[in-house]
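The two complexes that follow have chain A in common; it is paired with chain B in the first and with chain C in the second.
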Partner chain A sequence: MEVLKLVNICKSFGGVSALNGVSLSVKKGEIYGIIGPNGAGKTTLFNVATASVRPDSGNVVVNDEDITGLPPHAVTKRGMARTFQNIRLFNRMTLQENVMVGMHCRTGSGVLRSVLRTSGQRSEEREAKIRAMELLDFVGLSKYFGKKAGILSYGQQRKLEIARALATSASILLLDEPVAGMNESETEDVYHLLTAIAYRGITIVLIEHDMGLVMNLCGRVAVLDFGELIAAGTPSEIKVHPLVIEAYLGSERG
Partner chain B sequence: MFLNPYYLQIGSFIAINALLGLGVYVTLSTGQLSLGSAGFMGIGAYTSAILTARYNYSIPVGVVFGALAAALSGVLIAIPSLRLRGVYLAIVTLGFGEILRVAFIRLENLTGGAIGFPGIPKLGGTILERLKASSAGARIFSSMNGNALESLLVFAILLCITLMSAAFFALQANSRVGRAFSSIEMDETAAESMGINVYYYKVLSFTQGAFVSGLAGALYGHVASYVSPADFTYHRAVEILVYAILGGAGQVMGPLVGASILTTLPEVLRFMSGYRHVLYGAIIVLSMIYRPQGLIDSETSDWLRKVFRRKRFIDGGVK
Partner chain C sequence: MLAEQLINGLTLGSIYALIAIGYTLVFGVLDIINMAHGEIFMFGAFAGMLMSMKLGAPLPVAFLGSVALTAAMGYVLELLALRPLRRPSGNMEGNAGLSTLISTIGVAIILENLSLKLFGAENQPFRTSFGNVKFTIGPVNIYLIQIVILLASGVLICGLALWLKRSRSGRALRATAESPETAALMGVDTKKIITTAVVTASAMAGTAGVLVAMSFSNVGTRMGVSMGLKGLAIIVFGGMGSVNGALVGGIILGMAETLVVAYGDSGYRDAIAFVIIIGVLLLKPKGLFGQNAS
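Up next is the complex of A and B:
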């Protein structure tokens, strides 16, 4: 079953075409890789998928519902969450609070219930705290739960961002370069983390430049170049695809 | 000494200014810099003044409707202008305040124009009359100085309202709504992508700020018994902003401390006569240089909380 479908997405910024008729579909539970040279339009594709950028044409379908034109928070509520290429944590909040922000759309206490501290609000808050600890434990950061997110190392911040995205109870996770700037052992950590997330039945779409990670982890890979989808298939097919080799290494004639 | 009407009046103005500072605090808690507080204050003051002086509604009714009128205009301002951020929003709200000030002058039939609106029912006087009307009240209060008692009552009521508002915002800050507010303040894009309806929460915090400013304005009218457009100028809006910033706009305690210091300071410096405003300004400049985050930041507020907790614990232990 396809949980995420991008249909014929076009987007240009001031006459420069960033995405030109890109279509792809992601099946439930798979780990789907998106690769391509810098500036190929990968992050724009994520921005369109999560509705933070509205496409000029084309549709985004999540769990059989067309979400094109919805605001980003509504997309999150429909089960798709993301991380950012340039980490965007709430640095002056604690780790636990960061994760609890992720649960916002799954909890419901408004101003009145919050200020009156009703029993419903208190039990909701208690459960959110426990669940935040579970998620921090899952990504291996629970011992820092009361520390401010800003003090974490780069690699730890990426993991916290994943925990925060998981807190939205997303069934589809879009990860924008989850191992960028990480050393080998940190990358291996994330590899195991992503495997564990996929094992929970969560679909993962990831943009990544680390080819080792992509080839080992992803069931299918799509390749973007100059805003166009030039190839899609299994890692072994992609590796030998002539257009992909040309995009990365240049053509013989070039 | 505590019954000295002069001190009590300063106390009342501290409470009102603290309330105004809280309005800035809650608006800033979603990262929105508003200079509209004097305008909202004016809406609250005139609404309540008109309702009570012209239409004989009771003061509580006037005050509540004054605050609601300010909140309503807050929503109306918020909806188109919250797409703007930072200094641009500040300029729009500044313009809004100026429009209101001119409107207060021009709408002479309603507001009395530039001459002002005199004869607003006094908060203390009304309550005192009621108390004296009851036989028990008459026995207790007849012996006391009426003027001092009135000031004391006003101060007690304003202090209650301010502390209750502060408690409201403190409870809200430490909740799902408060986390949404501060996530928006720190990173709007990330907050939106975490499923937070950024627009809704920004309008909410702006409206809460307008409500509290309107409340303070309405109360101010019933304390001073006279308001004029000169009370709600751009200068006033900046003064209110300084209460929150100097005290520490990140914490509920901040505006309370800031308003207390800055309201007391001109009185304490009275001996310097003409030069007191120079020193007043110098103190603001110095404290901003040495403590740009405000007097109360998250560390001092944590520390205060800890001290308070320990004290409570010892009290409990002695019993």
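Up next is the complex of A and C:
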């Protein structure tokens, strides 16, 4: 079953075409990789998918529902969450609070109920805290739960972003370069973390430059170059695809 | 009598804090100063006075009526003057900073002139049944209205702090203040949160308006501008976007003004207060609780 379909997405910024008719579909439970040289349009594709950027044309379909044009928070509510290439945590909030913000659309107490401190609101708050601790534990950060997110190391911040995205109860996770700037052992950690997330039945789409990670982890890979999808298939197919080799290494005819 | 002066200072300071926290809430989520904040405060004062004096409403009713009116004004401000200038959802990159600021200045001018038309330029008396009720504890006189102000602002400020710290919507507001875009992607309906912040800030201004009107026993259309400027000075002094800064800054300014009047020359009231502010800003340019840009 296809949980995420991008249909013929086009987006240009002031005459520069960032995405030109990109279509791809992701099946439930798979780990799908998106690779391509810098500036190929990978992050723009994520921005379009999560409604941060509205496409000029084309559609985003999540679980058979066309979500094109919905506001970002509504997209999150439909089960898709993301992390960012340039980490965007709430640095003035604690780790636990960061994760709890991720739960916002799954919990229900409005302003009035919080002011009145109803028993429902209090027990919801307790449950949210417990669930936040479970998620922090899952990514291995629970011992820092009360610290401000800003004090974490780079690698830890990336893991916190993953925990926060999971907190939205997403069934589809979009990860933008989850191991960028990490050393080998941290990358190894993230590899196991992602495997564990996929094991829970969560679909993962990831943008990554670390080819080792992509080739080991992903069932299928799409390759973007200059805003166009030039190839898609299994890692072994992609490795030998002539257009991919040309995009990465340059053409002999040059 | 020092104890009395300290109580006076604390009372004035808590009013300043209420106003300044309103500015801070809006600044937090929108990154702009709401220049219409002082005028909304003034409308709150007039609404309370008119409902009580002209319509004969009991004070608590007049009080709640004026809070409701200013909350509604906040909603209309957000709906007509702020929201249309923010970029539509779907492209949340940045916000329309300067144009929303100018828009609030426009609203301030409209409200100021509307108030002259509706209420007239003269100061009007606001007599309440307990305006002169006071308690004497030993050598210290405390007016009932001071107790009401301290209680009301104390409850409001503590409630607000708890709400921001401990609740789902308060957390969403802090997340929106740090990054509206990221908050939206985490499932926060930022439009709703921004509206909540503007409405809450306006209702706090209205509350402060009624309290000030009761404590000074009169209201005038110029009180909006002067209180608005004080509030602005306080948030710069306390540190932009910091609720603690607004609270501490407000109380320091209230104390300083009161003590200058009591033990110095009342003509220097504002001068000394602002010298203190300038002094602090020279040492800490980001204000008492200022956060460095992250």
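Here is the rule we go by: the second predicted complex is superposed on the first by the 254 of 254 C-alpha atoms of A that agree within 3 Å, B and C clash if a C-alpha of one lies under 4 Å from a C-alpha of the other, contacts with A are read in each partner's own complex, and residues count from 1 in each chain.
In this text, a residue touches a chain if its C-beta (ideal position, glycine included) is under 8 Å from a C-beta of that chain, and two chains touch if they have at least 3 such contacts.
Note that the coordinates shown come from a computational prediction; the quantities given were computed from them, not determined experimentally.
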| item | value |
| --- | --- |
| Fit or clash between chain C and chain B when superposed on chain A | clash |
| Which of chain B and chain C A:211 touches, first, second, both or neither | neither |
| Chain B versus chain C as contact partner of A:133, first or second or both or neither | neither |
| Partner chain in contact with A:54 - chain B first, chain C second, else both or neither | second |
| Touching partner for A:88 - first (chain B), second (chain C), both, neither | both |
| Touching partner for A:69 - first (chain B), second (chain C), both, neither | second |
| Chain A positions touched by chain B in one structure and by chain C in the second | 50, 52, 71-73, 76-77, 81-82, 84, 88, 90-93, 97, 100-102, 104-107, 109-111, 114-115, 121, 124-125, 128, 164-165, 168 |
| For the chain B and chain A complex, residues of the former touching the latter | 168, 171-172, 175-180, 182-183, 186-187, 189-199, 204, 298 |
| Residues of chain A touching chain B in the complex | 50, 52, 71-73, 76-77, 81-82, 84, 88-93, 97, 100-102, 104-107, 109-111, 114-115, 117, 121, 124-125, 128, 164-165, 168 |
| Residues of chain A defined as touching chain C within the complex | 50-54, 69, 71-73, 76-77, 81-82, 84, 88, 90-93, 97, 100-107, 109-111, 114-115, 121, 124-125, 128, 150, 164-165, 168 |
| Touching residues on chain C, where the partner in the complex is chain A | 89-92, 159, 163, 166-172, 174-175, 178-179, 181-191, 196, 291, 294 |
